[in-house]
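In what follows, a single structure is set out as structure tokens and then discussed.
As written, the chain order gives the labels A, B and C, with residue 1 at the start of each chain.
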Amino acid sequence: MGFTGLFLILFLIVHVTINACIFLNDHGQTFNAVAHFMGTNILVHFLELGLFVGLILHIVQGWIIWSSNSKKRPVKYAVWGAKANSHWYSRSMGLLGTLIFIFLVIHLANFWAPNRYHYVVHGEELNLFERMKAVFSHPGVVLIYLGGLVSLSYHLMHGFQSAFRTFGMNSRRYIPIVKGIGVAFAIIVPVLFALMPILLYFKVIS
Amino acid sequence: MELDAKIPKGALEDKWKHYKDTVRLVSPANKRRLEVVIVGTGLAGASAAASLAELGYHVKVFCFQDSPRRAHSIAAQGGINAAKNYQNDGDSVFRLFYDTIKGGDYRSREANVYRLAEVSADIIDHCVALGVPFAREYGGLLANRSFGGVQVQRTFYAAGQTGQQLLLGAYSAMQRQVALGNVEVFARHEMLDLVLIDGKARGIIARNLVTGELERHAGHAVLLASGGYGNVFYLSTNAMGSNVTASWKAHKRGAYFANPCFTQIHPTCIPVSGDYQSKLTLMSESLRNDGRVWVPKKKDDPRKPTEIPEEERDYFLERRYPAFGNLVPRDVASRAAKERCDAGYGVGPSKMAVYLDFRSAMHRYGQAEAHRLGIAHPTEDQILNLGKQIIREKYGNLFEMYERITGENPYETPMRIYPAVHYTMGGLWVDYELMTTIPGLYALGECNFSDHGANRLGASALMQGLADGFFIIPYTIGNYLADEIRTPKISTDHPAFAQAEREVKDRIDRLMSVQGKETVDYYHRHLGKIMWDKCGMARNARGLQEAISEIQALREEFWKNVRVPGDANSLNPELEKAGRVADFLELAELICIDALHRNESCGGHFREEYQTPDGEALRDDEHFAYVAAWEYQDGKNYTLHKEPLQFEVVHPTQRSYK
Amino acid sequence: MHITLKVWRQKNQQDPGHFETYQLDNVNEDMSFLEMFDVLNDKLIREGKDPVAFDHDCREGICGMCSMYINGRPHGPLKGTTTCQLHMRHFKDGDTIVVEPWRAAAFPVIKDLVVDRSAFDRIMQAGGFISVNTGSAPDANTIPVEKDKADAAFAAAACIGCGACVAACKNSSAMLFVSAKIAQLALLPQGQPERKTRVLNMIAQMQKEGFGSCSNIGSCEAECPKEIPITFIAKANSEYLKAMLAADLPE
């Protein structure tokens, strides 16, 4: 879980870095160039395959753990006072993960799938920047994206530090640092992503 | 029957060595065929189970709790003594021996006590090897502290949880043997009778507390390690389940009960707060290292303790015992506190408490700490705050426990403490080999009459429990079992098992069938009150005679009017309690008989008729330098057997801590 | 004060169980929570009803036997406190208190509030010890232990095995209990020889007993009456990984 999680976190860093190119506000030139590289480079295609494998593993592992753990208390408590001892998002990783999964399907259907289809059929890529502008002109889509990113933020809020604990990080000196980085990551990355649909919708970037 | 303690010949320091060198052994092949039943999983029981199983015996061990790790040894706080002399302060095996004999007011057996002191060092070695996390110095070596009644630092400790750490060590050693198949654990099982075949202990009848089933368990020898009987007083520092039933059943089957009136009242416990009180909580004796005990000089002083100026406080232990001060033995400290309260100087809502004050220690530690930190002119507040940190490090968990129970913050206001029943020095009579008067029945730890004489020194109970289980019984049991190697596996179909089981069942049926009006706790409370008032910290002949007839009447009423709800075929805690209280109601009478017969004061047994002009215990060595071992007759009469105590090395004198 | 108690009643392991409501007057604020149950039971016995079965023994917070799940929290609302050390002054007059047993597949209910925690003993049997026979130990001071390691080992060893960690955990995981023992012995020099087998065996046994897996939620740490920190779980994870990756992986 932690291993695939950290792998996906690495992907998020790459993804947010590339997409942040749109903040250059150069009509998507830099962004499209990098996206083109990512979409056509053979090595990246291999990595992409790895990414999908990682993602599926993460989902399958998560589902197995959730379904196994949920059988460990056959009779539930009448009063469940967990909010006094833990964060709701730490206890809701399965739910948050599911929301993120739904969001991912929508997201891939909006960008990755049509782009690949176009590439395979027409031999060239879409102008992804233009695609973004088009997709994010619908307020409903923007809201779905914001919802997905909020889920991602809370998922990371727990997942980041949890992954390190699973790897055995127990030093009193480093735990606060990892926790701090985790919280920062869980806020900064989703906020950067969220700025994209928002700024495009309000046409701050064009 | 003539009591033979089987003390080996030779000089005191050679006895144990000589015994070990010459005792008969059982070969490994034969050990595998021999079964040993152990009742109780505290320090003595768990350590015996582990070490006997390591030797190759097959061990069955029983506890009434849900896990062997819960046994009440776990609650011991302060520490464990050992004659290691790591502090270079003049300690030695002889000194530990001498302190124990003196602390016990010259009512224990020299040979046993010397052996205890001898093996004490091995206990520390073994426990460290088992992973017990004792407190350590910065250099990585073991730390020590001092305890009451001695002038050296020989107490090893793990914060205020020494008993817990030692018990978990012994428990883990036993669990290892469970995994290896050498030990079988029967948790939630209570021994309800001992089975004798041809005069030898051959097994027990135990009740499975979950199903209510009576089970027969056989062995070539039976070891009782079932703890003390302090709960005969109802309120004590013992666990709620601590009971005398196993020892008492053995007593009724022929094991003599020795010195039952030697009960220890611990000076530093949290006072009683109301009628609903179910138990008393100890504040470790180690607190007297740094706490000063006082009462106001004025009777019924209404002021808060912090408002009473220094010159209006009576530090009565320091006043009466300048040499040992607050570190006098437990019996002396308890009686001194009772004396002040009886005289009208008690504090708190009940007026039955004295203060235990840490302010001087905070001040002292605070100054040293300020010096260490290079604070040139520390303010009074700074000093106290630094001192509080040190006190927190040493006793933090005890201070928190005090605050949880009383709702008062002991860092700001002195603790209120009062003596409470804590330990019982009396118990089943055993010889040098720890065998009772029933062949094949051994008693270990607090449940034997032990090595503590009339008063146990702090941090010696853990030492004795582990000494008995780890280092003594593995040798001495061989001397008996060497004769048993031809005895085949004991069958539980023997008529003696059937007979004992029938008797147990009858008694349970009787308890269930009374269906009277009063609860078991009602009788237990009532019994406790009689015992505390008339056989507690101070006793006199008239009170004891009254107590005996009151106990008899109460026992009779119990069997006519007790109500045990539920049934006997399932988990029924009230039935468990009823059986235990019924036994306490019998034992209580014997305690009073013993206290009445012992016309002297010694250690925890203080007869008001026998005291020095300044109120100290007055022993009568000419007439009472013996172990009083009582033989059960018919529940009304007990025959006294005397084991004279020979003091060849230490010469009894009046104990002086002045 | 007046207290309304809603208590889980269950005759035996097979019985589905239900809640019963009891009214208690004259509850004293200096009473412990268990003393209040004594008063309730006294009343029930006098009324000819079956008293509530609950586990308890030392009543000073160290034996680990008491185990009530009080208003949604193991051992009740007070931090670092066992049920026996919880006093009624932390409740208000007129409060309703719901009391349930520990609930976990690995802790079946025996009766009312009493559960079977023998799974913990079996986990200990799987490796929670140092294999040293009596009589073979060297002098205690020949094994120096750094003070901070000794202190950390002690902090881990403070676990009382009550099972509150399991009761609190959404996954019914026993990792806090298991990791505390693994960490204690891994921190001490005496624990080194069996370090790898211990962690593998204890974790395998934990899974076999039907406890869930740890997802680092942290409820256990917050509810542990001895405040055992969750960092020990990370420590056990690290021990586990090291043992798994060891070139000489033991059988």
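Quick note on the criterion: a contact is a pair of C-beta atoms (placed from the backbone, for glycine too) under 8 Å apart; a residue touches a chain by one contact, two chains touch by 3 or more.
Since this is a predicted model, take the numbers as computed values, not measurements.
Trainee: What shortest step count links chain A and chain B in the network of chain contacts?
Mentor: The least step count works out to 2.
Trainee: Identify the chain whose mean C-alpha position lies nearest to the mean of all protein C-alpha atoms shown.
Mentor: Here the chain at the core of the arrangement is C.
Trainee: Just how far, in Å, is the C-alpha centre of chain B from the one of chain A?
Mentor: 62
Trainee: Averaging over Cα atoms per chain, report the distance between chain A and chain C in Å.
Mentor: Distance between chain centres, rounded to whole Å: 37 Å.
Trainee: Using the average of all C-alpha atoms in each chain as its centre, how far is it in Å between chain B and chain C?
Mentor: Roughly 26 Å, centre to centre.
Trainee: Counting only residues that touch at least 2 other chains, which ones in chain B make the list?
Mentor: Answer for chain B, listing residues that touch two or more other chains: there are none.
Trainee: Would you mind writing out the residues of chain C in touch with chain B in their complex?
Mentor: Per the touch definition, chain C meets chain B at residues 11-12, 28, 30-32, 34-35, 38-39, 41-42, 44-46, 48-51, 53, 55-65, 78, 80-81, 85, 87, 89, 110-111, 114, 116-118, 120-121, 124-126, 128-141, 143-147, 150, 153-154, 157-158, 160-161, 184-185, 188, 190-191.
Trainee: Which stretch or stretches of chain B touch chain C in the complex?
Mentor: Residue positions touching the partner: 47, 50-51, 54, 65-72, 74-75, 84, 86, 122, 124-142, 158-159, 161, 163-165, 168, 171-173, 175-176, 178-179, 185, 187, 210, 237, 239-241, 273-274, 276-279, 281-282, 400-401, 404-405, 407, 470-471, 474, 517, 519, 521, 563, 565-566, 570-574.
Trainee: Using the touch definition up top, name the residues of chain A that touch chain C in the complex.
Mentor: So the residues of chain A in touch with chain C come to 1, 65, 68-69, 71-82, 84-87, 90-91, 93, 158, 161-162, 164-170, 172, 175.
Trainee: Within the complex, which stretch of chain C touches chain A?
Mentor: Answer in residue numbers: 6, 8, 17, 19, 69, 71-73, 77, 98, 100, 103-106, 168, 170-173, 210-213, 215-219, 222-223, 230-235, 237-242.
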